[in-house]
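The structures come next, written out as structure tokens.
Both complexes below contain chain A, partnered by chain B and then by chain C.
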Partner chain A sequence: MGTKDNAVLDQGFDGIEPMVFESQISVPYSWWAGDTATYFLKGLRDEKKIRALKCTSCGKTYIPPRKTCPVCFVPNTEWKDLSGTGTVQSFTIARRQLAAISKKVPVIYALIKLDGADTAMLHYIEGISPEKMKIGMKVQAEFAEDRKGTIQDIAFFKPVKEV
Partner chain B sequence: MAKRVAIVGTGQTFHKSHRPDVNGQELINEAVQAALKDADIKISDIDAIIIGNMDHFEGINYVDCWSIDGSGGFMKPVIKITTGGTTGCSVAIGGYHLVASGLFDRVLIIGWEKNSESDTTGAITTAFDPIWDRLVFAGAISGLAAEAQAYMARYGATEKDGARVSVRDRKHALNNPHAQLRKEITIDEVLASPMLADPIHLLDVCPRTDGAAAVIMASEDSAEKITSSPDWIWATSNRHSYSYLGDADYGRLTSMREASQDLFKKGGIKEPRKEIDVIELYQPYSFGGIIWIEDMGIIGPGEGPRYIGEGNTDMGGELPINPSGGVISCNPIGATGLIRCCEAAMQVMGKADQHQVPDVNFAVSTGFGGCWWTDMILHGKKKPGK
Partner chain C sequence: MDKAAIIGVGMTSIEGNKVRDTFADMAWEAVNKALDDAGMNINDIDNVITTSNDFWDGRTISCMAVGDASGAAHKNVSCVEGDGTFGAFYGLTRALSGSYGTTLVTAHTKGSQSVSSLITNAAFDPIYERSLGMDMISACAMQANAYMNRTGITSEQLALVSVKNHGNAKKNPLSQMPLDITVNDVLKSEMISDPLHKLDCSPVSDACCAIIIANEERAAKHKGKPVWIKGVSFCSDAFFFGDRDLSRAPALEQAAKKAYAMAGIKNPMKEIDTAEVYDAFTYQELMWLEGLGLCADGESGRLLEKGEFAIDGRLPVNASGGLLSGHPVIAAGLIRIAEIVKQLRGEAGKYQTKNPKTGVAHGVNGLCGQSHCVWVLGKDK
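Take a look at the complex of A and B:
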């Protein structure tokens, strides 16, 4: 390195504003849902049915349905229709608008254990003011009018009783 | 064949919200040079490198290759390990495996992040299932909020109990020159800060940080030649518990419970509260500081608020937690787990200066990931038995 360069290093970079570069990248993905999820999502879309898969070895009923029981590690083979009512296990109220949140805040997110299932489902709660939300509350699925075969074919869950 | 392994040097950057004056590999280099200086060895003494950061955070995938100017990885074996929030702890566990195998004698371990360079919520969303969880995903904080909400309902804890943990960590950070946020806060200030996702206020959560950390591990063949006070790795453990967000037990961190039981069994720790002298907990929000030490078995379920409220986990208390100021004071995510490891090692080696806990025989460092997975390391002053 020449003397001139060393002089620059010795003086430091005072007065230099670091440059910034914006990304030009867009990487779109598409995901295959697979047979198991597709069967569930078609049931939701075409029949307003919520189907779970049961492990015949340990008896646990999974929602989302999964092809293999993660505990017993055997294929789940028994489909069960659930009623669409369930219990709030926990919840939060998102107060800050983020790009990841498609609805206008405040949005109530809850983990809902559907009757007859052993795992919970993450979804929205509507039809109740955030202040009245309680763990243990009974809720039921409200289907969307326009259903496209996604988890949002359940538009939201609402309290079973007027709160 | 299996070798005992020790940490013989650590290094960190001075973590800040933005480091526009350096690019990623230049940031990495600052931590690497500090670790080499701490161990008083040269880059030519290093046999292999493990590096990690958060997927998608800087949008650079081949970090193992791209970083060699900074890491010193030119013409060396370099492996990238990335496991989300636990990355910093996983790279350390990976380094431990390499050295313990007997195949490499001295390994350099690096964790780094420039959180200032991306939409972190967008990047974190990629950790969740696109069909089931992403369409109704509410951001990283909402998952934590649901855990806190469930814990409060189960044990009657309050928002004030959470705030007490933030107050502790921010106070501890005053003694750590490497921490980003070094200003004391009060319980009232936490409770008055904006509500992000009930019951989590702005001051209940970590900041976004640019920073890097490096650790040098050596086998028993050379550790004691490099330093007279090595930090011996007694055990490591990690556990995962779910595929979908609804699978977890909200209000309890079951992966921490299982990993702790495994870690303490391997390390021969029977009464963690008595035998552990200091914990560096990967705790990105206040309530984690309560819930997760219960799952670690330090105290019983529901006992956290009282135990912490009485000052037992403050500096000078029975079991100081996060003398560094923890994640609430500083969170360069891919480095964060390794900073916990650095800090635990510094405590065991007696190098923590202003935030040194006296007479540390055993320390625990942890990593927490995305939602609900756990990595852990048990550090000790004494050389473990064969």
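Take a look at the complex of A and C:
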């Protein structure tokens, strides 16, 4: 280091513009969905069916389906078709357009416990004004027209009309 | 458990954008402060644990990149991904292993350098959840709603946490956001994700913290005032939100129970004198206090209104200003530990609580408090 640089350090950086280096982490990644999620996603895409996996040891029915029961530590083996109706366990209305949100805000996110399942899944609620949202309300799945084998093959959940 | 102590702590100031410091610069500052505090030099450190997260750091194997600045050359250095309390747990086990007498633990984050929403979105399951676009804020907002719906805790009570902690921060020179605000200011601030307003959320922050843990023999050899580790435990809940009852924190209850049992604490409500809990959002301070058994389920809001959690209250909580006043994600829990150490030594300056003998520090890893680490620290051996 030359004497000039030392002089700069001695000044305690006063008046020096901090340099910023712009970059990003951008690495392509392919997730192999595994046979369990593949079967589930094909059910959404090809048959508009929401399928859950049941643990035959504790009897719990899991959605999203996964290969093993996290409680019993045994394979989940029994597939079950769910009707697509369920209850809102909790929700939020995203109002600020945060970077991760691809839809235009306000977006309603909810944890939905589908009838026949013991766990809840995350998804959108549409077809209701945000102010009317309530925990405990009944909702049903609305499938997308154009389905590609993703969780978005369910377009959203919408309120079940009170009879 | 064999006895072990925290014999030195050091931290940088918490700032919104430490533009002149790299990760390593921050680690250098915190580590040297901790060494000075303990009256040690780097040769007294037997091994090093760094705590970091690759996404937050914008590089892979991020933990190794601060090793040089942490004095890890020629030492056994290992790493933990997650909150600093978990790094410290690993550091403690090493100090107790018989192989090392002292462990230096560091944790750093520069939240200012990236985009929190994208990073926390990437914590969601890539196949079933991530494309929906949720992040830490929307997830925690959903938890806040579930918790408030079950307990009847109100938005005004949440706001009061923000008022208290930003007010406490005025007494802490290292804090990022000292604010004079009212409940109304919080309720009128931007609604980011119902029910969380802007002032219900912690800010984006940069900081590093370092602590030095020593076994009993080595703790006696150095000039620093040891604070004793009386009990520590961590516990984790299910990964998928939908598997959990988001309105409750059973993993925290279990971790706290085990930590208290280890510390010989029978009634935490009476025996804990001061607490630093992970208040990334206002509701979390209340929910975690209940999970920690420091007040009855659903009672935290009412006790807060009575002033029980103020610096001069029955149980001062986040006297330092907490994470609401500065939230360097990975360092956050380690700072909670360092703050309790300061309190127990009577060195917390203007936010010193009254004569505490036993304190609790708490850290969280994962979305919506998936896992919790609880530390019970004591002034006396």
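Assume the second predicted complex is superposed on the first by the 149 of 163 C-alpha atoms of A that agree within 3 Å, B and C clash if a C-alpha of one lies under 4 Å from a C-alpha of the other, contacts with A are read in each partner's own complex, and residues count from 1 in each chain.
Criterion: a residue touches a chain if its C-beta (ideal position, glycine included) is under 8 Å from a C-beta of that chain, and two chains touch if they have at least 3 such contacts.
For clarity, every value in this text was computed on a predicted model and none was experimentally measured.
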Sharing chain A, do chain B and chain C clash or fit in the superposition? clash
Look at A:Thr68 in the shared chain and tell me whether it touches chain B only, chain C only, both, or neither; answer first, second, both or neither. neither
Contact-wise, after the overlay, does A:Ala120 reach chain B, chain C, both or neither (first, second, both, neither)? both
Should A:Thr92 be classified as contacting the first partner (chain B), the second (chain C), both, or neither? both
Across the two complexes, find the residues of chain A that touch chain B and also touch chain C. 13, 18, 20, 23, 25, 31, 33, 37, 41, 63-64, 70, 89-96, 98-101, 107, 109-111, 113, 119-124, 130, 135, 150-152
Of all residues in chain A, which touch chain B in the complex? 13, 18, 20, 23, 25, 29, 31, 33, 37, 41, 63-64, 66, 70, 89-96, 98-101, 107, 109-113, 119-124, 130, 135-136, 150-152
In the complex with chain C, residue positions of chain A that touch it: 13, 18, 20, 23, 25, 31, 33-34, 37, 41, 62-64, 70, 89-96, 98-103, 107, 109-111, 113, 119-124, 130, 135, 150-152
For a test of understanding, state which residues of chain C touch chain A in their complex under the given definition. 19-20, 55, 58, 115, 117-118, 120-121, 125-129, 131-135, 137-138, 141-146, 149, 190-196, 238-243, 246-247
Please name which positions on chain B make contact with chain A in the complex. 20-21, 59, 119, 121-122, 125, 130-133, 135-139, 141-142, 145-147, 149-150, 153, 194-198, 200, 243-247, 250-251
